[in-house]
């Protein structure tokens, strides 16, 4: 029996993994395909990806940008097995005492440097004709950004939910930009090791099966759906109302068909180009990277972007399609 | 007659009152600060009112968690204390073995002492990523962080303590015909144990620190895990009781270790009181 | 004739070779591990080859950063060392004042010693949010974290050291007509200074720890900042040299403090060597 | 001239253990009292009472007819067996210190001419005890005998009325000890000091003192060794050699000593 | 019967400082050698050479005609001034230890009947030194004199051929010391041991020894006090009281002592 370990961290779009594991949904699907899957919670997001990259996990939840800059740039051939959602307001830029994005000029901005927050900020600045040199970035750990924002020193911040909602609740705070303005660019994925997946596709099938069973369960507004969401809310440290509010700013792909459509759309390669450019400019592709095309990215149907001979991040619709077609 | 301040001693009662004073002042300062902030913003989470703290304590300590059915505070404490105990035990054992070897055997000392000295300067936090990768994210890596954090200092400390044993004793044991092993086992080891407890007491604080740091990064339960989990929401009503609880635990462990040492090694403490 | 191992001492040369051995072994183990991993995955970032490490060192130490134009390692070191120096200075001052007061004046001791003892058990990491709010996010809060992390232990330590001064000296000073202030200033303080340096040396490790923790949480530069930043893309080729560099810095600071103490307080060290 | 020191029916107890009981003594200015007695019988405790570090549990202690001050002061100098000098000061500074603290109440430090003058006085004092050649050394660079000379110089610079010596030569080797005896006798004769000196060595007591005080427990109770305290069992004016008496005292003291140490 | 110990032209140097020079000595089994000399003149160093802790820089040291072993061993027992006993063992265990380590080479611990027997032997030894009533106490609960008795019992249980004593009674008060003298003499007479005992007290040396060795520096150089080492300047068979000789030795030793300590 093959054994696999996948890691997850607390984030609205990933809470279903915890629920699926707690409720035995993952075990059910793993049993069906004759494998074992251990779902491990990691407190620190970056650490979970590092662990995955180093080989401690066979799968891990992460955003599209981190999938490119950490495992792919680290030479670990990775497959984006499930495209769970994209952020549709879940990440945002907030200002204290100001209400317009262009007022950010000259300020210190607290955010998790080199994360999707950083990317969001760069995209936001573009929209008002500013560049990163017009502001000063202060690296702030996600666990402390709420406390940091409560201090007078901090006047601007970029963060994600549930931290964003905490921050927005503070006095004199305005949300001046959020990810709903760049829909589909910040994507939350379940990424698995390509070699492991190729060796035993049962891993992909079991994970996809468990995921979409959970999706179906939680998307309903009946008692069972509410109970599921309440459990996820509790596990992420909030209540049902708070969790639903976070879901509202998340474009969940509850139906596998929607996810397939998104993954096969032309927007995805374009988004990934932007992400690669940002990553390269910030040195995230490693010191050996000569251009933003240094790493190849594969898409459904054999399309690629970047260096074709070095495809390390692969988007696939294969397993989501099986789910959509009810073949799991 | 007026005495110099260095010659004036408070009575027992006065000393007790004086000792409580700073704690009371802190409490008052907190209550005042909390009130000021809450008046300005009733939703303020930073300095919750005493009543909210009490409610939070009740919730975490007495009400079963809805999801897991556990009493959260006790489950967290149990998880953390297990890790801590494992870390302390391994560190003590390592320190004892290394301390005895480097303290007693000149060749081993020449080989290991410089390395241990450098090792004790390595900031363990900085190599956390490596630790997690080598030892995984399970209980092991947390224990290893604690061990890595405190063992080098304890090793150096114990080596020092072993070397401080009067050389007269070692000579004496040799003139009684003991070989190195017997000297280790019957003369040096028993005298090192109470010193090990001393060293352990000194390193309790750092051990808690590393425990919390490790739990902050990867854990599913534990005191540090909880603090970092709820820190995202600035839930000071949970954090503050946890901090007080951790402090209390550290304090009690320190007391307990001292008690154990006094009970198990009376000769050590008699000697100390004389000196 | 065969001697007991405890009686066999290595010569100077042998001792030096033995002392280097563990370092060499570590280096070899690293090189081997690195090679194994790189053969499996040439892009592996966890244990970069020696050559990559060298390249990274060159890059961070000698080439201006593309974005900021600074020499990264030196800029980071300068930022961190400033914070560290400020933290150590404040902690030393606090420890000196409190240690002298609690060590010498029984009433102050009764009032403060229990509080300091409890304070030294509080895990400072856990109360970071409060620190932020009170001291802001700037340099101050980082310095405060260092101070909060090491000052309570140093205070206890110095109190202990002051109380260990032979009471004969204090009596003698009184029979020479000195008042409390003069005894403090001329008898106790000068003898406490070398002990303060000792205490500072012991607390260098923890101070670096808190520095790194503070920089990991919110900073724009610094050694801890860099380590936690590049951890994002698992750039061990940067992290490892930084860790070695921090260790070296700590080591050098320790040596320097010892040197200063020997130079400024020869009487203290003569006494020690005798004892 | 009245009595310098009067001890009247003094008891000293620590909790339930009685250290000294029914102590009576009158000492005139200029006497040299040597105190002997077995270890633990309260000699140091008595000295601490003279210093003012301890008060009597019962009875009165008068200095010049007035109650003994409750603190050490510059009228009563002291030399301990060890730790009497300041290790962080040079020999000269150790002695100058006593002058500085009274001449500069605020800072405890003199400057300029005042400093020079104080240092000259101190150097003269040091020359008297034979340390004129070691002014700039630290105490840790001195032998035990030189350290004790320094401690004596340090005490004498304050011109105390009473000098208390607690086994000052206990740690010295016999040859050096004889030199120190000569020194102390010389200083005592020159200055007219009143000296109390504790010694373990009965012969030393006989040789130096004008008066020998023997502290001993007159009653021994094997069940409760601390039930009865020590008191002054012999109080002799000396000046002659009395070998028989010496033996008698030695015998009595030794017996107490054996008793105390075996019944611990 | 040949000589037990032969010291032939032994020098001991540490770096450039010469501690002992041209030492010659032959000691027969059963002698009681007392060693006196001023502080720092190498008495302890000589004892360390007899122990085997130090080798001579030049010359030879023969025990029973064979080179001195390079390590301490059970044929040469030792009692130091302090730290001679194991603080973590009861009085009885302190003495039993010596039997256990040879009878149980692996564990250093005896069990059952063997243990009972060893404890009985140890108890008998302790009774001989007058500690029969204190078997279960820890050393910290004993007075100084009792601790030294214990240290002696501990050494004697191994039936060493040579017993080395380094100022064993230096820290004891004079009454207790006299008792210890009686004890040592008794044990020596009963056992036929060879004893080397260092003392600071010349009288003690005269009283106890059959032979007195005086360590002294025959040449003094004020410019370089460590240029010349000490050697044995007097080697006397004793058994009579010789007050004039005692004074002569005392004088010579004191002079060296003054010289060394003032030129430091």
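In this document, chain identifiers A, B, C, D and E correspond to the written order of the chains, with residue numbering beginning at 1 in each.
Everything that follows uses one rule, which is that a residue touches a chain if its C-beta (ideal position, glycine included) is under 8 Å from a C-beta of that chain, and two chains touch if they have at least 3 such contacts.
Here the structure is a predicted model, which is why all the values come from computation and not from measurement.
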Labels of chains that are neighbours to chain D and to chain E: B, C
Top chain pair, ranked by number of contacting C-beta pairs: B-C
Whole-Å gap between the CA centroids of chain B and chain C: 18
Euclidean distance of C-alpha centroids - chain B vs chain E, Å: 46
Sequence positions of chain A contacting 2 or more other chains: 50, 54, 144, 146-147, 150
Residues within chain E bordering two or more other chains: 71, 141
Chain C residues counted as touching two or more neighbouring chains: 4, 7, 46, 128-129, 133, 174, 179, 216, 231, 234
Chains that touch, pairwise: A-B, A-C, B-C, B-D, B-E, C-D, C-E, D-E
Chain B partner contacts - residues on chain A that touch it in the complex: 7, 10, 22, 40-44, 47-48, 50-51, 54, 56, 142-144, 146-147, 150, 162-163, 166, 169, 171, 231, 234-235, 237-238
Complex contact set, residues of chain C against chain B: 4-10, 14-15, 18-23, 46, 104-107, 110-115, 118, 120-130, 133, 153, 170, 174, 179-180, 183, 204-206, 208-209, 212-213, 216, 224, 227, 231, 234, 236, 239, 242-243, 246-247, 250-251, 254
Complex contacts: residues of chain C adjacent to chain D: 166, 168-169, 171-179, 181-182, 185-187, 190-191, 265-268, 270-271, 274
Residue numbers on chain D that touch chain E, as the complex places them: 38-39, 130, 133, 141-146, 173-176, 178-179, 200-202, 250, 253-255, 257-258, 260-262, 264
Residues of chain B touching chain D in the complex: 1, 3-4, 7
